[in-house]
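Structures incoming, each one as structure tokens.
Note that chain A is present in both complexes that follow, paired respectively with chain B and with chain C.
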Partner chain A sequence: MKCKRCRRAGAAVELPSHHAAFCPDCFFVFFRRQVTEGIRKLRLLAPEDRVLVCVSGGKDSLVLWDVLIDEGYETEGLYIDLGIDGYSDRSKEKVFSYAASRGKAPIVVDLAKEGIPIPEAARCVRMQECSICGTVKRHFFNRVAAEGKFTVVATGHNLDDETARLLGNLLHWQRGHLARQHPLLPGTGGGLVRKVKPLWRVSEVETAAYGFLKGIDYVTEECPMSEDATSLVYKEALSRIEDRMPGTRIVFYQGFLDPSSPLRKGLEAAAPADASPTPEDGTTADAARARDVDAEEGTGAPRACASCGAPTYTEICSFCRLKERVREARSVRAARGSR
Partner chain B sequence: MYNAPMITVRLPQKKKELELPGPRRVMDLLADAGVRPTTVIVSQGRKLLTKDHRVEDGATIDVISVVSGG
Partner chain C sequence: MKCKRCRRAGAAVELPSHHAAFCPDCFFVFFRRQVTEGIRKLRLLAPEDRVLVCVSGGKDSLVLWDVLIDEGYETEGLYIDLGIDGYSDRSKEKVFSYAASRGKAPIVVDLAKEGIPIPEAARCVRMQECSICGTVKRHFFNRVAAEGKFTVVATGHNLDDETARLLGNLLHWQRGHLARQHPLLPGTGGGLVRKVKPLWRVSEVETAAYGFLKGIDYVTEECPMSEDATSLVYKEALSRIEDRMPGTRIVFYQGFLDPSSPLRKGLEAAAPADASPTPEDGTTADAARARDVDAEEGTGAPRACASCGAPTYTEICSFCRLKERVREARSVRAARGSR
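Coming up: the complex of A and B.
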């Protein structure tokens, strides 16, 4: 099979959803164009932004960092050590190795040192690891960005991640989650930093192929905590549809993002008027999205957590409440152990 | 007895390795390995292979899952 772009070299990547196949050089051009077009279309980043890229050691986040560096953005990587035996060490090694290859050193948050390693925290409060992980990561993304004067936080969520999440939210009619699902979550005046997902137009196969062809050494094993993640069920369902009808995923997601779609209008209309103090472009849909600050719903401006100062809609933020529950569970265990 | 060379198909994430007779196309090897082609990339050394690529006997290919959860 020949490359459909240059028509000379042999194809290395076949993309039925684009009716295309590319040689490595032409695929790099295609992929970067997809990402930059996604950034431009939704105005995710500005040239003067200081971008905090959240890197896990997996393909998507390292590929995102790679593209943003190549596109000339000022970036730093943030790695959160989740404290998962073996897996965290291996993923950290990949992050450090990639960062060194680009002359950088990642910012590291060690959850064991912060007193909240994910596996132990999940056992203590009897919650799913992924749920705790989300709360903890959101907290540190925002905290590190605010402390380091970053203007935006970027994560490596791709088209497959976003459509799986959309399908899950639709199947359960999670209106609040639907209102907040978007590749751009605006920042607010209350200390909440803007969050973006620049890979929203590219699929997992595309990021994996880009990472492989660029020689990015990423961790290929899955997080052992995510084996039963429901997102995998939605991903498989969508993948089977995509097999039969290539291009369905991007049509599904772009239709959802379309400001003129009835669903988007309905979400906009349902958003409370006081949902956010200063959405950057002033629409109520943005105001609703800007509330992605804490695990629970909230209205009005976020205020400072009485314990840590992080933006929250409750007196104590969900991260501090979680930490307190873990601390209490530890004390109970210790007391039982000493009897 | 003479053993004919086979194609080695490695699936590192499943910690599995298969020996399959060749020469065959990547898509046929994936079907035999029970892998859906749209969930993986397939490589031979530093080269990525398209699904219609013909793999010769004696070759080793890696099938890398691209699906991430969480």
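Coming up: the complex of A and C.
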């Protein structure tokens, strides 16, 4: 099969959802256009932004960084070392080697040094690993962005991730989660940085193909702590539907994002006027989702955590409470050991 | 395993979504309670209703008829003979034999005699079989109900059917379909009868178990014309999710029906005030879904079809237009044959 764009080279990537097949060079053009269109449509990034790209060592985040560098954005990579035996070392290596290939060195947060490596935290606290990991990452996204004067944090969530999450939120009608699900979470000042997902229009397969054809070396293993994640069940269900009806995912997600969609209207109507801090650069429609504050739900403007200063709706933010519980569990163990 | 209700007899039906397992007698009680609760919660039926039960010969509709008879409702069965070779004869036989066992004889509409058997209609008209079948059935539901002075029409759609349809409507954000999806479609007078789905709370597996344990003999084959139906893709996807997370389907559907759900609020807000005929016995909230008029979308009150008098938004209703096209195709064929 020939490339449907240049009609000369052989097609290397077939995309049923776009009725298309591309040679590598034309696929790069297509993929980058999808990403830049996704950025433009939802005004995720401005040319003057300083972008903190969260890189895990997986394909999505490294591809995201690659595209943003190529598009001329000012970026730095943030690698959070979760402290997971073997997996964390292997991912870190991929991040460093990719960064070096672009003449960069990533910012590193080491959770072991911060006193809260994920596996130990999960043993100390009765919470799911993925939930702990979310709280911890959210904390450092805001903190590192503030310290490094970044104007925005970008993560590598792709269309498959976002639609799986949307399906889960719809199946259980999780109103709060639905109200906050968007590729753009506006910043609100007070330590809450804007968060964006520039890969929202591209699928996992497309992202993997881009990474592979670009020769980006990434970890292919899934995080060993997320193996049972329910999001995989939703992802698999949507994959089967997409296989039978190519294009379903993008129609599903774009329909959800449409400001005139009945669900969005209903969610906005339901959000009390004072429920959200005012986004620093957003419209009133953004207000309903400007609440990615800590792990808590709250109304009004968040205050500063009494311990670390992070934005929160409680006195002590959920990150500091988590850390305190790990510290307590450690002293109990140490006391037992010395008896 | 013992029955979790009486704790004496052995369990014959295990229901993970209800954390339950029942012996046959206790399962009958459970199943009937689910159906009557579904009727009560949404006020689908009143004791004085005359119910026209649409029976296809499959498990769902025969089980529905069985439960409604046992619950003391005044019912008659309506069998529409679609004219599908073999399948229609086998289904009709099951309907007659079940009806006879309850001392009843079904009302029969024979589409071949009406000049519009589904397979021939599908060959003549460029429309999907399932879509033609829907138009034709809707027409006869209203007509037979009016002729027989029935106050309501009941169909055997179960929780699996309704959630598969809901998922499809959500994946494509089909606003009109979402606004009209409900176990209760209020009647509006003018030939539009109320339509209800009393089995909305029970799953396909539960309905099949009820039919089997009650000794109801039903056709097990799917309609041969619906084999490629996309609804089966959605059903299968939801089955996989339900297997992993029992109870997801009922949470999904009940959350959708919740009058305070953000989607429902958004759909009601979007429906223009004059878009719907006023339901004869419903609330204003019902108005958004009182539009099961013909296959057309329209605003205001429907008028009577110039040819048959059925409610429609066009001069000639979609059923009469369909019939006319079949008639034309026949004359063309007859003219060719006589040459």
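The rule is short, and it goes like this: the second predicted complex is superposed on the first by the 331 of 339 C-alpha atoms of A that agree within 3 Å, B and C clash if a C-alpha of one lies under 4 Å from a C-alpha of the other, contacts with A are read in each partner's own complex, and residues count from 1 in each chain.
Just so we're on the same page, a residue touches a chain if its C-beta (ideal position, glycine included) is under 8 Å from a C-beta of that chain, and two chains touch if they have at least 3 such contacts.
Please read all numbers here as calculations on a predicted model, not as lab measurements.
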item: First, second, both or neither for A:172, with chain B first and chain C second; value: second
item: Touching partner for A:248 - first (chain B), second (chain C), both, neither; value: second
item: Touching partner for A:235 - first (chain B), second (chain C), both, neither; value: first
item: Contacts of A:264 with chain B and chain C, given as first, second, both or neither; value: second
item: Touching partner for A:42 - first (chain B), second (chain C), both, neither; value: neither
item: Touching partner for A:226 - first (chain B), second (chain C), both, neither; value: first
item: Which superposed partner A:108 touches (first chain B, second chain C, both, neither); value: neither
item: Touching both chain B and chain C, residues of chain A; value: 236, 240
item: Chain C residues within the chain A interface of the complex; value: 170-173, 175, 178-179, 230, 233-234, 236-238, 240-241, 244-245, 248, 251-252, 255-256, 258, 261-267, 269-270
item: In the complex with chain B, residue positions of chain A that touch it; value: 1, 11-14, 21, 24, 58-60, 130, 133, 160-161, 204-205, 207-209, 212-213, 215, 220-223, 225-227, 229, 231-232, 235-236, 239-240, 242-243
item: Complex contact set, residues of chain B against chain A; value: 12-13, 36, 38-39, 41, 43, 46-53, 64-70
